[in-house]
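To keep things simple, chains are lettered A, B and C as they appear, and every chain counts its residues starting from 1.
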Amino acid sequence: MIPMIDIRNAEKTFVMHLQDGIRLPVVRGVSFHVAPGECVVLGGPSGAGKSSILKMIFGNYRCDGGAICVQHMGALLDIASAEPRQILGVRRHTIGYVSQFLRAVPRVASLDVVAEPLLAAGVARAEARERAGVLLRRLNIPDRLWKLPPSTFSGGEQQRVNIARGFISDLPILLLDEPTASLDAANRAVVVELVAEKKRAGVAMVAIVHDDEVRHLIADRLVDVTSFAANA
Amino acid sequence: MNAPTYNFAYLDEQTKRMIRRAILKAIAIPGYQVPFASREMPMPYGWGTGGVQVTAAILGVTDVLKVIDQGSDDTTNAISIRKFFEKTAGVAVTTSTLDATVIQTRHRIPEAPLHEKQVLVYQVPIPEPLRFLEPRETETRRMHALGEYGLMHVKLYEDIARFGHIATAYAYPVKVNARYVMDPSPTPKFDNPKMDNCPALQLFGAGREKRIYAIPPYTSVVSLDFEDHPFTRYKHDACCALCGAGESYLDEIVTDNAGSRMFVCSDTDFCETRQAEGHRGSESAPYAENRHA
Amino acid sequence: MLDVTKAPVDNDQPLLLAEGLSKSFGRLHACRDVSFALYPGEVLAIVGESGSGKSTLLQLLSAQMTPNAGSVSYRMRDGVMRDLAALGEAERRFLFRTDWGFVHQDAAMGLRMGVSAGANVGERLMAVGHNHYGKIRQTAASWLERVEISTDRIDDAPKTYSGGMRQRLQIARNLVTEPRLVFMDEPTGGLDVSVQARLLDMMRTLVSELGLAAIVVTHDLAVARLLSHRVMVMQGGRVIETGLTDQVLDDPREPYTQLLVSSILPA
């Protein structure tokens, strides 16, 4: 089966110019692949570079070497060398990202925050809102909050809005960065369910999950990031 | 029989040639404001120095001059200018619109139709129609050059938004020969239609602003408007109290401290001609009877 | 193993192309060798501190200033790429009134302060020959609504408006002719934080709904993050770093960019 994500020898080093140009190697020789319908969970202690790898796949962090190839619009695209507008296209059509923290625009209603990825993909506003509502309800966000901007919500509510926003799209690749970190058991179960649905739909996922139970439930394969540790 | 100390029509010949060149250019480009080296005249700016210089440049010995101010031949301004040219050029003067070959005017176009043998000279205070909204001369010139006249409609838009109709009653902008937007000097918009396709040559002189522009005979002059707010002639809902004319432009005259008023023709020659023909209005008739009684 | 084939070529042509733009004032190099392509629907932020050359660059890009070297080309509505320097003045001004917008930091530069809001919005329509008062007014009213200005205020002059309302009116005035490219010079400068947030949100919505391309000059990285897809960081007249907005802001490479990013006050 053709992998959706194929990473070969990717590496990342931060150079901190404000601290006398100190070099902080993060990862090196990152190589793994993810097939459609598969959920690969990155393992390793904090600071091992799990989040950095996720951000490199999303094009949020630049990749200093190697290749990060994804299936995009029927062809293979190397994120590490892609043009900014190609990466924008990838984010619109191929890769979704659920981060730990919500970076929402002030004043935008939660329902619209969730619906936005669908709008960007060209879905009509009414349908996008409808689907956003269904997802918010599943994640136990009461209707009366939908019109409020998520910045006024509690941490757990914000994260659920964020999860809804991440899971609403029909993108073939999903990156999950601690999706269940501050959720209660009921909502954790919903997320596990959502991941299972995505798998059935053939979505390739890379996840960072610290909760052993959740990891056990969603992981098809574990990739140990400590093997990519860069020697300083 | 001009006074020996003056050159014919006051201005020296070189100055008149300079002004004539400007006039010729203005006629060649209808509605375009031609700069000219406006001279000091023996009268203050605002009293018609632009019109006087144009008149001086075009006057010939056989011309018959008429000068009107607000349509009237007998106001101070009209009389002074008429006397000025009587003295410096020795030309014949008249109050009859029909007989005049050159008519210098402030604010009005005579009611009687003009003919091909006539030149109408306007005194213009502010020649730039865009000035009200765009204070930069460099910018207004560029707008004229490129025919960017959207701004002119902004002014009309504001009128409608504020008053429900285009309230501009004088200096109502026109488009000349389908090209230049022009300020017809502070003539009431009642007179605008008379400018269109007029057999007489119309010349405009602005002394302080140093501009001359022109409308050649039989040139199209269209008042700007909106499709849903077309140009209309403004008119008092009254007839002349002296001659009974119903279609002329009227002045409102307050007759006492109690607020009584009457409306009379602003064009004195037109009104007097009509009265001489036997037309009577509400005020003149009893007077005539009383005098005979 | 898979072969890495060439990335799928996007057939979209650039809307605006800057090549080797340079401008100096005497010995001061305000702008040095700037090249980039802007695509339809793309929002580019030019960031940098005061004096970095970003405002000069905006002037060069919008053909309000002639470069000492280099060129700017723009894809006209007929699809033909034209060198802006080769356009006649009439064409350039027409472009400015129709296919381009320019939002100034100081609303007084972009509005007629003594003329009603309705006429401010309607002016660009009248400039391209619209001649029906009722329709012009209706269009103006619908644009005021879109920028969240009550239509009760349509006959009030912007000098009676608050700073935030003036900026929103400026945006309506620019967008009424459905331009494809809008230049913005510090559009939220000098506004209260809450007013800024509202304006940014509105601009973001309009830009994405209308598929506008925009070039936004700002010293505020938060504005760049909210509005733009791509960022160019300028220092001393040069573009020192460029890339996806979140990439440049989350993973800055150049010392100066790292300094800028580390100078953001925590929200």
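Assume a residue touches a chain if its C-beta (ideal position, glycine included) is under 8 Å from a C-beta of that chain, and two chains touch if they have at least 3 such contacts.
Nothing here was measured: the structure is a model prediction, and the numbers come from that model.
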Chain located farthest away, centre of chain B as origin (C-alpha): A
Chain whose Cα mean lies nearest the overall Cα mean: C
Distance between the centres, which are taken as Cα means, of chain C and chain A, whole angstrom: 31
Chain B and chain C, separation of their C-alpha mean positions in angstrom: 48
Between chain B and chain A, distance of the C-alpha-averaged centres to the nearest whole Å: 77
Multi-partner residues of chain B (at least 2 other chains): none
Residues of chain C defined as touching chain A within the complex: 2-5, 7-8, 10, 39, 42, 197-198, 200-201, 204, 208, 226, 229-230, 243-244, 246-247, 250-251, 253-255, 258-259, 262
Complex interface listing, chain A residues touching chain C: 2-3, 6, 14-18, 55, 59-62, 67, 69, 72-78, 82-89, 105-108, 119-120
Touching residues on chain B, where the partner in the complex is chain C: 133, 142, 146, 148, 150-151, 153-154, 157-158, 160-162, 226-229
Chain C - residues contacting chain B, complex: 89-90, 93, 97, 112, 115-116, 118-119, 122-128, 131-134, 136-137, 154-155
